[in-house]
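The data blocks that follow each hold one structure.
Two complexes follow with chain A in common, the first pairing it with chain B and the second with chain C.
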Partner chain A sequence: MSLVETAEQAKQDAAYKEALVEVLYQLADDDFIISYRGSEWLGLAPHIEEDVAFSSITQNTMGHAMLFYQLLEELGEGDADALAHERISNERRNGTYFEIKNGSGTYLEEPQYDWALAVVRNYLYEAFKKVKLEEALKSSYAPLRNTADKVLMEQPYHLGHWKTWITQLQDSSQEAKERIQSRLDEAWKQIGDAFELGPKADDILAKEILSSSETLKQRWLDSVKETLTYVPNGDLASELGNGRAKEHTDQLDQALATLSEVYNSDREAVW
Partner chain B sequence: MIEQQRETEIFNRLKKVDDPELPSVSIYDLGMVHEVTIDDNAHVAVTLIPTFAGCPALDIIERDVKNAIEEIEWVKSCDVTFSFDEKWSTDDITEEGKQQLKKHGVSPPPENYQPGEEWSVDCPYCGSPYTSMENVFGPTACRSILYCRSCRNPFEAMKPVVSYTAS
Partner chain C sequence: MYNYIEHGKGATAVSTHQEDPEKYAEFMERIEAGEKIEADDWMPDEYRQTLIKLISMHGISEIMGALPEKEWVPKAPSLKRKLGIMAKVQDEMGHGQLLLRVAEDLMAPYGKDREDIMQDLLRGDLKFHNVFHMATKSWADAGLIGWLVDGAAIITQTNMLDASYGPYQRALQRICAEEVFHAQHGEAIIMALAEGTEEQKAMLQDALNRWWPALLMFFGPPTAETTGSSKQEATIKYRIRKSTNEGLRQAYLDKYLPRIFSLGLTVPDETIHYDEEKKKWIYQQPDWNEFKQIISNNGPRSQARLRLRKIAHENSAWVREALATPVVTA
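After this line comes the complex of A and B, so read on.
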């Protein structure tokens, strides 16, 4: 497969384009929903420095989502803002584990969020994102390579942050240890679909847009095993559904309704 | 020759457009200007390289650059675009930019930084290396918060961001 340099070139091969947009939606929707869940922690993080750090990571991750939505816009998928705000849950391709609520309550009412979930989920996500983007550096689609390279220049700060948290908590009090372990057990049952490539997986591989699901999973496991002192037994499962095939929980509907409320109040406004 | 003069004039103007979040540091000195073209109809196209992807100041920068260039008498119009294909790195900051950053209380990023390395930061006020990192994340994506144990001033530093090489 030779390098596809531009969106125009990609559009000339319908099968190539269809496979490519799947990969881009996965990358965009993952960054988008994880940063939305991150934004719900604003003002609620354990201490003020963490609040600054977490919101900075969240804002920058939203910027990464925007880069991927822009690549989709260039391919004729529609306006980047509309792709972020207007698509309903069964058009989304994010991994289901990244969409679940931060805990009980809502941001405005009784937000009883769980910090162990925030630490475990964000650490596992950033480790996964690094692996996926490193594989994207080898993609046949040049604009995807460039974007992956740009994001990877910034992302080490995000991964480093969550790695510090999980390393310290898993080596902390008995309660901290147990809460991290129980969130890891939960993650192992829910994160499986994140490694899937979706309905166009065969073409994605044949056209060398991204590496295989097995490669992503194996490289991710190798990387998290270097940091985690407790690794759950058993295979990764997808108990919440397969997000890459647009299956989602009603928790994603709740997130989308909240995050697009202002946007939907006046779609023509320039913010 | 006239063409060269015009180009110089554009660059001189760009050296006066400050980053909205770093007053007194120009977008030129931050290394954000990628390309300037002037066509036969006196239309100017400026291509900029954004710093961090999540930087919310891009719209303001675009407006400020457009306004600054269109103020030049012979310029008919100016278009500003951001290129995400080019990668900004903190190595692109000019010497002048580094001096201006220090005046603003922001230490410039380390030179010849390799990804993953630890880095040390000297205080922008007294130059002491006896500093501590308070928060890697600061008021904007590109800055960290530090404290100088010699002159007891809090200050900021630009995070090093350099091209990534897969390990």
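After this line comes the complex of A and C, so read on.
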């Protein structure tokens, strides 16, 4: 497959474009929802320094989502803001593990959030994102390569941040150790769909848009096994559904209602 | 971003002129000559306590101030606005961190640290700024906070840019530079609403009506008689700031009322006008008793916001404990 240089060129080949947008929706929707879950933590992190760092990561991540939505916009999928705000949950392609709530309560009232979930989920997510973006550097779609390259300039700092947290907590107090392990067990049951490429997987591979699901999973496992002192037994599962096939929990609906509340109050208005 | 000089109760320092008259005279000479005092320099106890109170309140207000805006962070109506408000709130947190460090150094001789500041806040001994006790009801409130609350903060902080205490003065330099961006962020949101649909305009006017008394209160009571003795005097005497509460409020009205009116907005005060002879704005005083209630944590959202911090503190107790445990290496 030769390099596809521009959105115009990609649009010439319907099958190519269809496969390509699947990958871009996955990347955009993952960042969008994980950034939302991060923003719910604002002001509630274990200390002020963490609040500053976490909110910086969350902000960068929303910026990355915007870059991927813009690539979709160039391909004629619609305005980036509409893509971010108007699509309902069964049009979304994010991994289901990334959409689940931070804990009970809401970010406005009684947020009983669990820092162990924040650390485990963000660490696993950033490790996954790094692998996926590195594979995207080899993509046949040049604009995706360029964006992956740009995002990879700051993303390793995000991974480093969460790696530090998990390293510190996983072997410290008994309570911390148990909390981290139990969140890892949970993650192993829910993160499976993140590695899927969705209904256009065959074309994605044939047209060299991205590497295989197995490659992503294996590289990710190799990477997290270097850091984690406890790795759950058994295969990765997708108990919450397959987000890449647009299956989601009602927790995504709740998140989208908040994210789009003002936007939806008047979609035509300039905000 | 925010502070005014409080009147009334609070730790009144022992008059320190007697603690060491010679050192005191030398200290006053230094600050009057425009020199900066550093953390390890000798300073009168009254100066130290005034600074601790001022800076810890300023710092904790930045942190509590993130909460009302946070309510609108995920709801911001476009990707660009989401990024803008995220960046802004992150800056506020950063200011809080910077200021708490300055306060911590000043508190060290009393054997106090960050945890004491947090405990004081949760117990209600450390107050946070009146504006952050208020509810945010619409997206217009998020814009208004950036525009008029940060705008007020720029006025009070610019007034202290030459403060005699070096670490605070340097922190303020950085904070003020960032506040200018925040005010621009707020102004951009406001402009979009002011030029928008009828509903958007109404939303904006409603926000301004609700916020107006709190904005007037921002600068604190005008005279010592309003609430008792004055801390304004100590901060001016020690060259921490230059103007009085009322002087700052007048500067604020000078700057913002013309802008408010030019956007076609009104303020909920029919008596407000500029008195050419007295060269000042005549306005209806906000209810200063209500102000006292608000800053005593009896405002509309005081308890709810303190509750958020309390939950966060309790839920991360295990994290603090874990971080204090040495990591076992295999």
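Structure notes:
Here is the rule we go by: the second predicted complex is superposed on the first by the 267 of 271 C-alpha atoms of A that agree within 3 Å, B and C clash if a C-alpha of one lies under 4 Å from a C-alpha of the other, contacts with A are read in each partner's own complex, and residues count from 1 in each chain.
The rule we apply is simple: a contact is a pair of C-beta atoms (placed from the backbone, for glycine too) under 8 Å apart; a residue touches a chain by one contact, two chains touch by 3 or more.
As the structure is a prediction and not an experimental result, all values here were calculated from the model.
In the superposition on chain A, contact is made by A:49 with both chain B and chain C. Contacts of A:258 after superposition on the shared chain: chain C is touched, whereas chain B is not.
Considering which of chain B and chain C touches more of chain A, the answer is C.
In the superposition on chain A, contact of A:151 is made with chain B only, not with chain C. Once the two complexes are overlaid on the shared chain, A:161 sits against chain B while remaining clear of chain C. Shared-chain residue A:64: touches chain B; no touch with chain C.
Where the contact sets of chain A with chain B and with chain C meet, they give residues 49, 52, 56, 59, 62-63, 66. Interface residues of chain C, counted against chain A in their complex, comprise 63, 66-67, 70-83, 86-87, 89-90, 93-94, 96-97, 100, 114, 139, 189, 192-193, 195-197, 199-200, 304, 307-309, 311-312, 315-316, 318-323, 325-330. The part of chain A that touches chain C in the complex is made up of residues 36, 39-40, 42-49, 51-52, 55-56, 58-59, 62-63, 65-66, 69, 80-81, 84-85, 107-115, 167-169, 171-173, 175-176, 179, 229, 258-259, 261-263, 265-266, 269-271.
Note for the complex: chain A touches chain B at residues 49, 52-53, 56-57, 59-64, 66-67, 70, 134, 137, 143, 146-147, 149-154, 156-157, 160-161.
Looking at the complex, you find that chain B touches chain A at residues 52-56, 84-85, 87, 89, 115-116, 134-141, 145, 159, 161-164, 166.
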